[in-house]
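Pasting the structures here.
One chain, subunit A, appears in both complexes that follow, with subunit B as partner in the first and subunit C in the second.
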Partner chain A sequence: MQKLADFKLPQFFNYPPYFTLQPVRDTREKQIQLWKELILDYCKSQKIFLIGVEEDFPLFSNSAIDRSLSHEARETFLSAIVGEGRAEWLDKGHRKCLILWHRIQDWADIVLQFVRDNGLEDSVMTVEEIRSGTESLGTELQGIDRTILMRALKLLENKGKLALFKGTSADDEGVKFSV
Partner chain B sequence: MASGSSSIAIGGLFENAEVTTSGRPVLRRNEVECFLLSSIDIDSEDDPPRFTALRSGNLILTTHRLIWIPSQSNESVPSSIPLSAVTHIYSHKKSIKSMFHSPRIRFQADPGSIVVTIVFRGKGDFDGFLSKLWECWRGRAWEEEEKSESETSKSGSGTVAQGLYGNDGTVRMVGLAGILRKEQEQWESTDKSLQDAFQDLNALMSKAKEMVSLAEKMRQKLLSAPSSQNGSTDDEEMGSKEEMQQWMLSVGIISPVTKESAGALYHQELSRQLADFVRIPLEKAGGMISLTDMYYHFNRARGTELISPDDLWQACTLWEKFDVPVMLRKFDSGVMVIQNKSHSDEEVMSRIRMLVTKTETLRVGVTASDAALTLKIAPAMAKEHLLSAETKGLLCRDMSPDGLRFYFNLFPEIDPTNLHIVKEFGTYGEWIKATSLLSV
Partner chain C sequence: MRRRPGIGGLQKAAAARDQYRLLGENVAKLRTDMMKEQLSTFRSQLEEFARKHKNDIRKNPAFRAQFHEMCANIGVDPLASNKGFWAELLGIGDFYYELGVQIIEVCMLTRSHNGGLISLQELCNHLRQRRKKDREAVTEDDCLRAISKLKVLGSGFEVITIGKKKLVRSVPTELNKDHNQILELAQGQGFVIVEEVQRRLSWTSGRVIDALETLLEEGLAMIDNGHKDGKCRYWFPCVSSVYSSIGSDT
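Our next item is the complex of A and B:
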């Protein structure tokens, strides 16, 4: 079976009907389920947070069998993930989709665990440091999508676990943990 | 015409009439149906009655017989009276009494000068029937047949003559010139009968049987032709000959039910005739045929008495009311087909299953035309079957620039909680094997 980067594709990725949106309800539901799982697995392993419906996304076409998903099929599968709370449309036109293989709540828990692991309970960090600082190297937070991180941080702020404040430069915000 | 021995019980006049499974009379050679009336009783005028009266049936007038068929299957059996037995038709008396009566026609028939009364209990073109009865009786179509039979036997014996001249002194057909002349003569006679046929539409119906026998003759000739020519014919010619044979075979309903002959019972009788007719085309088409195809077959067989698509549809919908072995079926897509009642979907489904689980088709799927070849049915029908197999979850589809293909539906076999697991025994495993064969 072929691979995308180091991601092992399942056998059915070469099954031509997998790439045609099935019209029969039961068959379609099963197909959508399989696409949902594959997209989430792939995004998680490749740390992909954003899928553009109109952009090239490796899963959406299979050159080995010369098949690719139609626009309608892409939107259907992504909408199914959104419906499960594992993704969000970033625009009304459904062109960009934010993939949440961890839900925001789970990301918030990961941030808290990261704070505890590094003894940062009362420290101050910039948002950028959480994403790309030395402490986050090798953790799930490394390279996290800024939008997702900010949503997780805001959730924690509402729970009183931290305070967000404006930094000196406009594109950086500070975090004061108080776990 | 001899009266059958079985008819003694009902007065020596009636013969048992053969009917088809759908309740249409079986006509004899060259017999043409002329009129049909419903709610007819047949009584004996004599006192005491000379035969048991026949109650409430359809009366069919043909060029040869009066056929009475019970409308419900009661004790009465379908019976017929040969027109040749009729010795006198009484003229219709208009009197005060007859105004309160149901209209009736009386005629005398042999053997024994039995007076028979036809009583019209329902509505219908009574006068039209009477004049048609006169016409058929005077036409003496049965005598013509006897005459032509004796003629053919005469000309048959004529061919025994030897030498350059025939029995009647004409030059016999010899050599190439003879063949050409024979051909020419045949064309002329064919041309003449065609011209006669089109001169008068009324005359056309009387020509119908000649047309049919002409078609039959031409078919016989075509059938014998390939053996007499030692392989000199090329493929194209053979193809057109086969086509011609097919055409000839399908000219065939000598006595089509028409609005004129059947009146109010038109659709009902058309429906019965159609039920009898569809059997052969249906068999050839593999048990199911589209309504449009049948329209074409049926009208071609009817020759000049074409029916409208609506008439065909109405005739088919009436099948529900009769005990006929065929039915009209509407697919989800709106396509309407005629199929045998015995034609089971399960059987078609299992054949499709067989087809799509073969190693090769597992890998590349099937198109409607592939399925048509395997199932030996029309591609349009094959597509309907594939679509209904898809609806049942047996198949799923693949749309690509190459067109629509159907694959065995593997989706139910794949475990969504572990995308990589493959059960050892299953079609999914078979499919993986089939596809991996390709990459090796």
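Our next item is the complex of A and C:
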């Protein structure tokens, strides 16, 4: 079985017609479903947060069978994920897609759990520390996309679980938890 | 010979009839007893056979096939009913009813991929994977027997032969001769190209496209426009060796 890094590829990935958008509705729906799951699973396992439609994303082509997805197919599959609330287009031209294998709400819960696990209920951290500090090593928050993290923090701020403030340097923000 | 007159003669004739009847009854009784004895011997032999070979029948596909042959020779269908004493003794019914349920499961599970038509070979591969823990080998012969028993459900399970391959159909799609011929062609590479079908079967392009369109609509075919030569390929998951060979080593 073919593998990408340590990711086990599903069988359909080696079957050429799955790289052509199917004309018959039922077949296409099934095809989209398979691709949706594959893309989400792959992004989750490889911690990929952003897919560029024009870029060489490893899933978009399979050299073993010499097939690649057309632009239309890529956009169709990603749009289907967006439609499910598991991704968002970052631009109107549908070129960049933010992948949310955890929804923002779930990311917010993960942040809360992280705060409790580390006894940070009343502490102050920088946003950068949450992404790459020693506490987050080995957790799902390690290396999280900044856009997604900020969205999760904003959500928590609205719920009164924390306060965001500007740090000393202009480009870093701080977080005061009050869980 | 002179006919004997009088009441004496009549009595004698009646006595003779009684004698014959008695004799006849005795013979018949003897025969029944013998039959009964034979049957009980047969039954006890069968019980012994069952005790001895129950595991072989369940585990060894070659033995199972021979057992079926033996049953066919003496005109017995061990699968006719699960309540019959054959089934009770041998548990052979359970084996096939279980297999039947698993066949239905595999067909349902793969239906979205293959449109409800699966090659017998791939079906067996799936079944073997499922039954790994049982250590009970399943042959194509077993599958065919199990499927023939599924027919009583009226569920539309059917085995069709296309070319050299046997396919199991779990949807009520009616395939005509044209469709079958295309499926047979596709067995070579797993796909066909319109021109190829035209050439090999000497059909008009309209006839080819018509048949392919139907197969697409039924979910039995998928199109592939990705090849370098720019020719559209019609793939058939139900006969595709590519898919099943990859599937078998997972």
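Following the convention adopted for this analysis, the second predicted complex is superposed on the first by the 179 of 179 C-alpha atoms of A that agree within 3 Å, B and C clash if a C-alpha of one lies under 4 Å from a C-alpha of the other, contacts with A are read in each partner's own complex, and residues count from 1 in each chain.
Throughout what follows, contacts are C-beta pairs under 8 Å (C-beta built on N, C-alpha and C of every residue); 3 or more make two chains touch, one makes a residue touch a chain.
Computed from a predicted structure; not experimentally measured.
Peer 1: Does the subunit A-based superposition show subunit B and subunit C clashing or fitting?
Peer 2: On the superposed model, which is not a single observed complex, subunit B and subunit C clash.
Peer 1: Between subunit B (first) and subunit C (second), which does A:20 come into contact with in this model arrangement: first, second, both, or neither?
Peer 2: A:20 contacts both subunit B and subunit C.
Peer 1: Is A:30 contacted by the first partner subunit B, the second partner subunit C, both or neither?
Peer 2: both
Peer 1: Would you check which partner chain A:41 touches, where first means subunit B only, second means subunit C only, and both and neither mean what they say?
Peer 2: first
Peer 1: Once chain A of both complexes is superposed, is A:137 in touch with subunit B (first), subunit C (second), both, or neither?
Peer 2: In the superposed model, A:137 contacts neither subunit B nor subunit C.
Peer 1: Just subunit B (first), just subunit C (second), both, or neither: which does A:67 touch?
Peer 2: Both partners, subunit B and subunit C.
Peer 1: Which partner reaches more residues of subunit A, subunit B or subunit C?
Peer 2: B
Peer 1: Can you tell me which of the listed subunit C stretches (37-45, 145-153 or 235-243) runs into subunit B once everything is aligned on A?
Peer 2: Clashes with subunit B appear only in stretch 235-243.
Peer 1: Report, in rising order, the residues of subunit A that make contact with subunit B in one complex and with subunit C in the other.
Peer 2: Subunit A residues touching both partners: 11-12, 14-17, 19-20, 22-24, 26-27, 30, 66-67.
Peer 1: Per the contact definition, I'd like the list of subunit A residues that touch subunit B in the complex.
Peer 2: Checking each residue of subunit A against subunit B gives 8, 10-12, 14-17, 19-20, 22-24, 26-27, 30-31, 33-34, 37-38, 41, 66-67.
Peer 1: Spell out the residues on subunit B that touch subunit A in their complex, using ranges where they run on.
Peer 2: Against subunit A, the touching part of subunit B is residues 365, 390-391, 393, 396-400, 405, 407, 409-412, 414, 416-417, 419-420, 422, 428, 431-432, 435.
Peer 1: Inside the complex, what are the residues of subunit C that reach subunit A?
Peer 2: Residues 112-113, 115, 191, 216-217, 219, 222-228, 233, 235, 237, 240, 242-243, 246-247, 249-250.
Peer 1: Would you mind writing out the residues of subunit A in touch with subunit C in their complex?
Peer 2: 1, 11-12, 14-20, 22-24, 26-27, 30, 66-68
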